[in-house]
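Each of the two complexes below includes chain A, the first together with chain B, the second together with chain C.
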Partner chain A sequence: MTDAIQEAVEAFIIENFLFGDTTQAIAGMDSLIENGIVDSTGVLELVAFIEDRYGIAVADADIVPANLDSVARITAFIASRSAALAAA
Partner chain B sequence: MRVEEFLIANGAARPTKTALVTERVRLRYDELDDLASRLAAALAANGVGRGDRVLVFMDNCWEAAVSIFAVLKAGAVFSPINASTKADKLAYLIGDCEPAAILTQAKLMPVVSRARSLSSRPLFIASTPAPSGLVPQDAASFEDCLATAPVPVGHGGADTDLAMLIYTSGSTGRPKGVMMTHRNVDAAAESITSYLRNSADDVILNVLPLAFDYGLYQLLMAVRLGATLVLEKSFAFPQAIFERIRAEQVTGFPLVPTMAALILQMRDLAPGFLPSLRYVSNTAAALPPVHIARLRELFPGVRLYSMYGLTECKRCTYLPPEELDRRPGSVGIAIPATEALVLDDAGNRVPPGVAGELVIRGPHVMQGYWRNEAATRQMLRPGPPPWGRQLHTGDLFRTDEEGFLYFVGRKDDIIKTRGEKVAPKEVEAVLHAHPGIAEAVVTGMPDPILGHAIAALVVRSDEALSERDIVRHCAMHLEDFMVPKLIAFHNELPKTETGKVSRRLAAEVLGAAR
Partner chain C sequence: MCGFGGYFGTVRDGKGLLDRMTAAIAHRGPDEQGIFTTDKAGLGHARLAIVGLGDGQQPMSDATGDLTVAFNGEIFNYVELRERLRAKGRRFRTGSDTEVILHLYEEMGEDCVSALNGDFAFALWDGRRRRMVLARDRMGVRPLFYLRQGEQLYFASEVKALLQVPGVVAELDPIALDQIFTLWAPIAPRTAFRGICELEPASLMIVEEGRVSTRPYWSLDYPDADAPPRHRDERAVAEELRALLGDATRIRMRADVPVGAYLSGGLDSSIASALAAGMAPGRLKTFSVTFDSAEHDESGYQREMAQALGTEHHAVACGEGDIAAVFPDVVRFTEQPVLRTAPAPLYKLSALVRDAGLKVVLTGEGADEVFAGYDIFKEAKVRRFCARQAGSRIRPHLFRRLYPYLPGLRQQSAEYLASFFGAGGSQLDDPLFSHRSRLDGTAAAKLFFSGDLRTTLSGYDAAEELIARLPPAFRRWHPLHQAQYLEARFLLPGYILSSQGDRMAMAHGIEGRFPFLDHRLVEFAAGIPPGMKLKGLVEKHILREASKDLLPPVIGRRPKQPYRAPDSRCFVGAGRAGYVADMLDEGEIAAGGLFNPKAVAKLHEKCRRQPASGFRDNAAFVGILSTQLWLATFTGAGASRARAA
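Entry: the complex of A and B
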């Protein structure tokens, strides 16, 4: 399941922040902020994507680098919240 | 007093005081001073002399702070360059100011290498290492430079020398280098810190780019005061910044309206959630009075300063916080020891309520634009002695009966988005460079978060060209804040009766397209 999430996250980032440019490789662990891929308004778009696509409620306190600053972290965040939703 | 003396003085007077805090590194005043001396000696050994320009092309990192003071200690002139600058523009800047050196980060070396290949002057380039520890090819090691013996550079410079060149956009689309001397910086810093009531006890948090004078001066003023600067790269994760503010007991938090809008969108913030804050400041664009009111609720007891300025004089006005109840829409009065006047086209003061151009006099006014006499003459015109020149801001203002100032609008087409200036012509030039675009016109559309969003009306020569293709093309050649957020296609551009492309009509068409 996490593979599907990771692909979806990568696709979203490529589409919305790199405008389809697949030549700039984003490794799973690369910081999106350090690499200038996402800025402050970009983070809001990312949160909207997570909420709309996966039905996860993202609280203000969740919007931190530990959860969102790389493809790997975003994937893990979505996976863990989805599991919690499924278990509820 | 020369600007590096701020650091030298505090290196001696308060050596163990924390000067700079970043995510991973903390530097005391003596350490910051020592590192700057070492890098200065390395610059001098590599051909950088008095009056030479050095580009500091980095994001907000401790290395940038060290670099700025090192360049000054070498007697040279620093120019901080936004880290999202692309190769064509960097090449233009290199051609314009002919630097002797560029100090940069490994992640930005690809841009530097591409820019260099477009020009061929000899340049000393030093780069920080990549995460792997390797220094990029074609660059000297920044870390090795920091190991140089800190022998003072005998540059013989005076405080009337240039300290910095800050590039700013103008309506012609080509960036211009605002020239500021050491005296300009000292005067501006003295004036600003006095109305903010800053002291060495302040802990200032800066997320604004050091390439932007508002962000840069947080560093310069903190060091001048002997205060502590907490340097962050971005406001993308506000919660992380709030945690930083609490952990470091931050007292001063400079904002731009986009940051205020993001904070006010957050749902779970309780009033007083940042109890250490003493003041919050705003400039770059106006804070809507509704946002001012809500910020005052979130930050009870915190002094909120609405301010206005331009790079050409650093800052023009501030509103004493006591006036916020009476006139929240005002940007206040001239900063201490300066003058701010509203004049008509003949140079006479206009009565209250009438719009005129804001004209500034004082020791903070720039020396001019680097190697651009014509543009300088447009902005700096003869004024009364002892200053001799006054700055015509190109902004329309009015005063009220008590002499408080209100921003009315721009005289030219500059768009303010996310607090940054964007010249429509600069974006249009990039659009016109795309083979699939026949014509384009760019305007600003009001936006609740950005202030204004960049929008483009495009006539295609290639019908297959998509919005995404265009945005991608722009992202490759422009800084992130200049990339259009909205693109609409038309068969022709709207024109006035005289046949000139009309930005105003384009704005109407784009407004309807949203």
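Entry: the complex of A and C
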């Protein structure tokens, strides 16, 4: 499941922020902000993607780099919230 | 205010060339055209008659016929200079400021520029010494471009005149494009045109047989950060500032035609308008742009100020469709790609002034550079404050206060705010610290560069070139002064005074005058302690103190609202200008060779789907569109489609 989430997140970032460019560093823990891939508007686009695609409600308190500033962190965040949703 | 072109060297059919050059810039000087030629030089001039209406024709020669000048701009202290020269026995044949340059040159040689208070570019042929002297004003208000071709040197007020020179082919300079996509403007002397240069502000060029030399005659300088403050008494500083600003405005009201004023509703243009209203012989005319969108519109403040001053106020509405409609013309006049649409409303504004029958307006431009008005100065201060306590969860909230008009920031956590603004402590010794977030944010738009262009630019770093151009004293200045220098020395002449200033005004034969850029005021303000300019997070504090009796409190206390215009959404709505799809067509992008066609198609689609795009996407969209228009306009690529638009 985590692999599928990671693939979907990478595909979203490549399509929406990199416009198809696959040469940029987005693997694992690479920072999306420090690499100039996501700006303040981009974070909101990312949140909308997570909510729309996975049905997760992202609270303001969740919108922090610790959850969203790399593919690995986003994947872990979605996996954890999805598991919580499934268990509820 | 006018335009000129010319050459040094032996040129076949020089007169024909000068005719074509002046015709190419006829919009700068619709009132008269004139030509001067010798065996070794030629000057052509297109005149906008403002001072010495009946006797100021150019090119103008002195009584001996040895000296001839073609001049664009105004010498505001020409009255005082003429009196001084008369006292020395010099006799004047005209009432123009142009003749003052000739006499002053005879007295002082090329050092005469140091006596001039004005916005000027000129070319002076010295027949006795067989040399051409080119000069440009201190802050870079008036443009001057040149081109070397073998033994010949050609020069002109706009590049389009140089494109008339036989054998010259317009070609985009890839380094300039990289600089624009990093710094918003090329670093002079480089221009967007490969092989065509710009004379830098505050510079002289002497062209003689077999030799061309260039040197600065003035420089913007600040005190060392650890030097004792030049001023301590805030009230005394405010009084002196007010006196200087009053005099700067007074000499900028000199004209044989009526002078109006731009009124944006902000602090700076309101001060300039208030001072002008008190000096104008009749009722002052003021001019504004209004926007449909509330986030950009300032019409309430404009009306308030116009009523307070009793001016005859004129306004032009500028909607998103208007910006799209005029954008190809805007690029034809900026002569360089731009990352913002902000020049477009100013293009419409100068048309409004022309239609009202005026040729001259005062503007508030320059105050933000001189008195620290831009948000970027506050941003740098907050970033330094955050860096002192890395990891603070409280301090980054100040960023939200800086940009209340950016919706993307309102909902962000302190951690994200700190990340966006690079508020870590590691780059405090970076000479570009104040501007690094902006440069990085802008450079992200280079994502769309094609593989070929990336290969061409491999190893080049525009920010490093900028650092290499900083003067040795830069590192000794206070951080605020470093940031002010970067704005005033590079962005101001490279973009604000050109793409948003001279080029948009002169497109409709309008001369802008800038009281805040009087060099006496600039020098005085440079010596004002940083804390009097940016007091806490209140920008232009000392200017507010110096002008509080001039303005209604609602204007005087107004926080800075940056001048912005709607960006990509102007071009993607239903029924918008057809040229956009043509310019961004995958085949057209591929033919241009500068951008990745598939990535541009995705960006276009994203902007269509989601008009409220972020900074990078907006900058990239406008930058790519304007670059494609530039290619179509100046190189003929896709020209049939551009014309069809």
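FYI, the second predicted complex is superposed on the first by the 87 of 88 C-alpha atoms of A that agree within 3 Å, B and C clash if a C-alpha of one lies under 4 Å from a C-alpha of the other, contacts with A are read in each partner's own complex, and residues count from 1 in each chain.
The rule is short, and it goes like this: contacts are C-beta pairs under 8 Å (C-beta built on N, C-alpha and C of every residue); 3 or more make two chains touch, one makes a residue touch a chain.
Computed from a predicted structure; not experimentally measured.
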item: Partner chain in contact with A:39 - chain B first, chain C second, else both or neither; value: both
item: Chain B versus chain C as contact partner of A:59, first or second or both or neither; value: first
item: Touched partner set for A:7, first chain B, second chain C, both or neither; value: neither
item: Footprint overlap on chain A, comparing chain B with chain C; value: 15, 18-21, 33-34, 36, 39-44, 60-61, 63-65, 69
item: Interfacial residue positions of chain C with respect to chain A in the complex; value: 406, 408-409, 411-413, 415-416, 419-420, 440-441, 443-444, 447-448, 596, 598-600, 602-603, 606, 610, 612-617
item: Touching residues on chain A, where the partner in the complex is chain C; value: 15-16, 18-21, 24, 31, 33-34, 36-37, 39-45, 60-61, 63-66, 69
item: Residues of chain A defined as touching chain B within the complex; value: 15, 18-21, 33-36, 38-44, 59-61, 63-65, 68-69
item: Residue ranges of chain B in contact with chain A within the complex; value: 59, 83-84, 107, 233-240, 258-259, 262, 265-269, 418, 449-450, 468-469, 471-472, 475-476, 480
